[in-house]
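Each chain carries a letter (A, B, C and D) given by its place in the written order, and its residues are counted from 1.
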């Protein structure tokens, strides 16, 4: 694994985002850097939900943030609606933010504690219009209502008066105000006319969800997951769903990518991936999920420590080789490339658990 | 500590009343004292029956020096037969002006620079903080002594400006530390993701969250500044006589300490109690904030 | 770890340079011509004499040149000579360090010894009557400046009770008991605020530490409270205390000026004051730079102490 | 007495109540919990945040700090009530008889103290070992919890270890004096899923090897399944359902247990399976409802539920206990649900997965 390669990228006009060879480095002091993401590629079709799953420190959140260019990636391209965001100036990026939004893991931290809910949700309108106050209020009310928050009681309250689940709804409402704003539609139409090349490419709006339910209780988690599914259908959104919980990712995604230590391991549709994992790491992850069913046999053998190597000094070749049972010499000398093992099922492994197609 | 009563504040009375209801009685007392002392300093000229602070009665055969507390002079007179109460009231002007100047310059300039560099980070940050560190490397009073002396002039404006200028660095530090952690919060990232301009983020998202901490710090800092001005005055290096200042009064009282302790006691009490009130109310505000943030 | 120390040292030198330059700038640029200190105003009518003195003191050279000269001398320990007494500034400083140094050391040691137990008791019994008394007392003590405390002590212990001398200093080399008599009241006056500051730091830090999971974990192991308090909790809190003591040295240096003035002690602060009144700019400059240097060095030492006590910082290197 | 000690339960908790007094009122965190735990058995306590599961564990351990906590009821450990013991008597129990593993291994080890001292300090106290004996014991312990190269690790500071390693150290600390009862309070919540699996396996194995009783506190139904003998589901400070784990998962009778189960996505479900979310929020514990605490969110709610709190009683299987007037699957529950659905009660509507959503007027508030 640790795979580079782009075999899993799809051609076609309906691809909204294509990320190629994405690298994100962070400074760790004294001029040294650590690669949080080291060369991954993936794409998302319009109307699709891509699930990005992996353990902490694998670079999944960083990948999500690289798409909205916060911060800008070190290298690689992020092509959104046919335009490479890396080529754009800060101001051009800012203009494009109307089409890409993000919701965060900590719902309370993602709302300014000193502003009212109405004010927070109306913020995108202040930046992008319409500037008419009553029009703004109507939009805010409609959005709060559609995420299941009563606008009349919520509008004048501050975030700390709400529970985590409620705050997450409010922050979703803020993103929706942005993505569904008619003023934006207008503006973007005008711009796409000027750059005719982007016209034929995928349309749609992207909502990046960075661990949106992992700080919530399970009952609230289900509410938010259902809400996201509803909103996606209702507004025709495209989503990227980043999480560490495999069951949650499977539930919401149309396609799942598994990440390990800054690299992609496996890409497939969720039902295939969970039924016939081809990468040993995917298999390990799936075997570790505690199933709420006492009749399921637990693999009691896994006791020894097997933890992430340091991302500042990753293993050569396949990055998973230090924890892999199927490791051979090839794994340390050569980095595996993405290749197909089935219909829309790709794996970056020298010794996959499933036969390689073609 | 907004003590002005304008209609907007009056409309929110119930809120203030609830606020006051939460205060322990000591804090209520301290807050009242602060209001009284501020009012007395502001309206000193209008207080009926308050003597002229510089009128030396004994020169005109009108009163003696070192009188004890009595009816004609409520708190007695000093060794120049000046009315102590009047001198304390006018002395409060010096202490409070200096404290206000320090808080104002600290919050406005220190708060702004600190928030700015904490938000943008990078080179601006290291440069500004290097300067701040150098200024902070001077022991406060020593630097103050040097600057005040070298300036030659020692009126209230000079003293207040110098002390105000020297309080910018500590506020910058406090503001920066706060802005750093606030800038890492996700609502700032969210604002950027919405496409809000950086300047707007600084003023709408960062600074409003830095301010409460800065104001709580300002209470405590005001107390320190009043002590500093007191020390400066005690050394004879604050505002030039005959303008009264609490520290100057304490210093002057030393000569006749054997004969009359009152001229030493009253300004000391005024100083100690004002500083204590600031500390007490400041601590209370901080406690209130920490409870509130813990509840988040 | 080695590079951590190296970085600290480079920063130390850089700060010292900046501080000395700033002082030089301050003393030389601010209104108030040094010539006023050299020649009485009345005598300044004689332009020729003024020009001669200016040349003699190098006052006509560009500022940077004068700074370079002064710095070159300063590095070799020569801070110039007093305009008023014509004695070497460095020897004047050296002569007065024992007084101020002793005063500060006694104050810091006494304050820490008082503050730690008070803070610990207060934090251990958070919210109790004892805590309220200690915290309230500390809040009050924080409001009593050195000169007020000093005057009170002089009035009570010197004038009324006659236990201690009101003013003056006996050097430790002359008489140990005499020295103790003269250091007690000034050090006590300085300690009032210091004890309060340190006790509050220890308390608030310890209150937070005692709520940490690792304290709970230590309790669940069945360790005694005293053991947990001193072996587990106090150590992180002591780091904060050391930092605050370091930062407070600046305040304390200011405090010694006041106390030396009040008790008429022949210390560095008193000398600075005198120099200020005499407009002895070489002396002011020398003492200010020296004091700033002490402050910067002490705080660099504090950083190094951190390095010894906190393993996380060692790792960060 | 001595001869039936071996047969008497190790831990017998009866009507335990814990209240925190805060400025705005009394938070009734635990409101009358009773259960027994036999030697060498494992009990899983499952609940969401605010259910009182952690407070319950800490109350039994007498580890709730502060002057604003009151605990009533009894918690008999080995036949003696721990709640009435003096602090010094508790110190004899802590570590040697009952031990605890905490949620966050990052914060539950002292960052300034080397691993060796943290593992050995209570060994010296409880078992009167000298330095070298304690060190040897520590090496053995670390080896037992599968920490490679224990000699080096003893000299490390906690921050030099990974999260999983630190939790292993915490487990070693807890196991050091061979306690007969171990509380594991969300021991894997802060860890990654693969590490969680290792740590749970380690705990299970140690528990079995040492014939030690274990209370596993968690929010995750998946963690208790297959790893505990009994499971107790807590809601708003009370016990909702308490049964042998196998029979609980086979037949969830409390509407809350059922709802909790139905709201979790499973890897065995096909993608995009609609989850049955629980509407609303847990009650305010300063002023909890007089009736069943779950009644405001329960799809089977009847008037009776709101007025009177159901007692925890045995149903069919004597080991399966339940606090509910309308157990799932009972005829009363079915009629109540039909009635609630017809009345448009949100919690009933939400369970009915066929509901559609429209952009205006959201669902499940």
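Simple rule for what comes next: contacts are C-beta pairs under 8 Å (C-beta built on N, C-alpha and C of every residue); 3 or more make two chains touch, one makes a residue touch a chain.
From a predicted model like this one, the values you see are computed outputs, not experimental measurements.
Chemist: Which chains, if any, touch chain A and chain B both?
Modeler: none
Chemist: Tell me which of B-C and A-D has more C-beta pairs in contact.
Modeler: Of B-C and A-D, more C-beta pairs in contact link A-D.
Chemist: So, what's the distance in Å between the C-alpha centres of chain C and chain B?
Modeler: Taking the average C-alpha coordinate of chain B and of chain C, the gap between them is 23 Å.
Chemist: Give, as an integer number of Å, the spacing between the C-alpha centres of chain D and chain A.
Modeler: Comparing mean C-alpha positions, chain D is 32 Å from chain A.
Chemist: Chain A to chain C: how many Å between their CA centres?
Modeler: Using C-alpha averages as centres, the distance is 55 Å.
Chemist: Please work out the Cα centroid separation of chain B and chain D, and write it as a whole number of Å.
Modeler: 52
Chemist: Taking touching chains as linked, do they make an open path (line), a single closed cycle (ring), a hub with spokes (star), an all-linked set (complete), or other?
Modeler: It is a ring, because the chains touch in a row that closes back on itself.
Chemist: Spell out all pairs of chains that touch, sorted by label.
Modeler: Result of the pairwise touch check is A-B, A-D, B-C, C-D.
Chemist: Could you please specify the touching residues of chain A with respect to chain D in the complex?
Modeler: 55-56, 142, 145-150, 163, 165, 217-223, 225-227, 229-231, 233-235, 244-248, 250-254, 269-271, 274, 284-296, 298-308
Chemist: Can you list the residues on chain D that touch chain C in the complex?
Modeler: Listed in rising order, the residues of chain D that touch chain C are 61, 63, 65-67, 87, 90-96, 99-100, 102-104, 107-113, 121-122, 125-126, 157, 159-160, 170, 173-174.
Chemist: Under the stated contact criterion, what part of chain C meets chain D in this complex?
Modeler: Where chain C meets chain D, its residues are 127-128, 210-214, 216-225, 227, 231-232, 235-236, 309-312, 315.
Chemist: Tell me, which parts of chain B touch chain A in their complex?
Modeler: 185-187, 189-197, 200, 204-205, 208-209, 292, 295-296
Chemist: List the residues on chain C that touch chain B in their complex, please.
Modeler: 15, 18-19, 22-23, 26-27, 30-32, 136, 139-140, 142-148, 151-152, 154-155, 159, 249-251, 253-255, 257-258, 261-262, 272-273, 276-277, 279, 284, 287-288, 291-292, 295-296, 299
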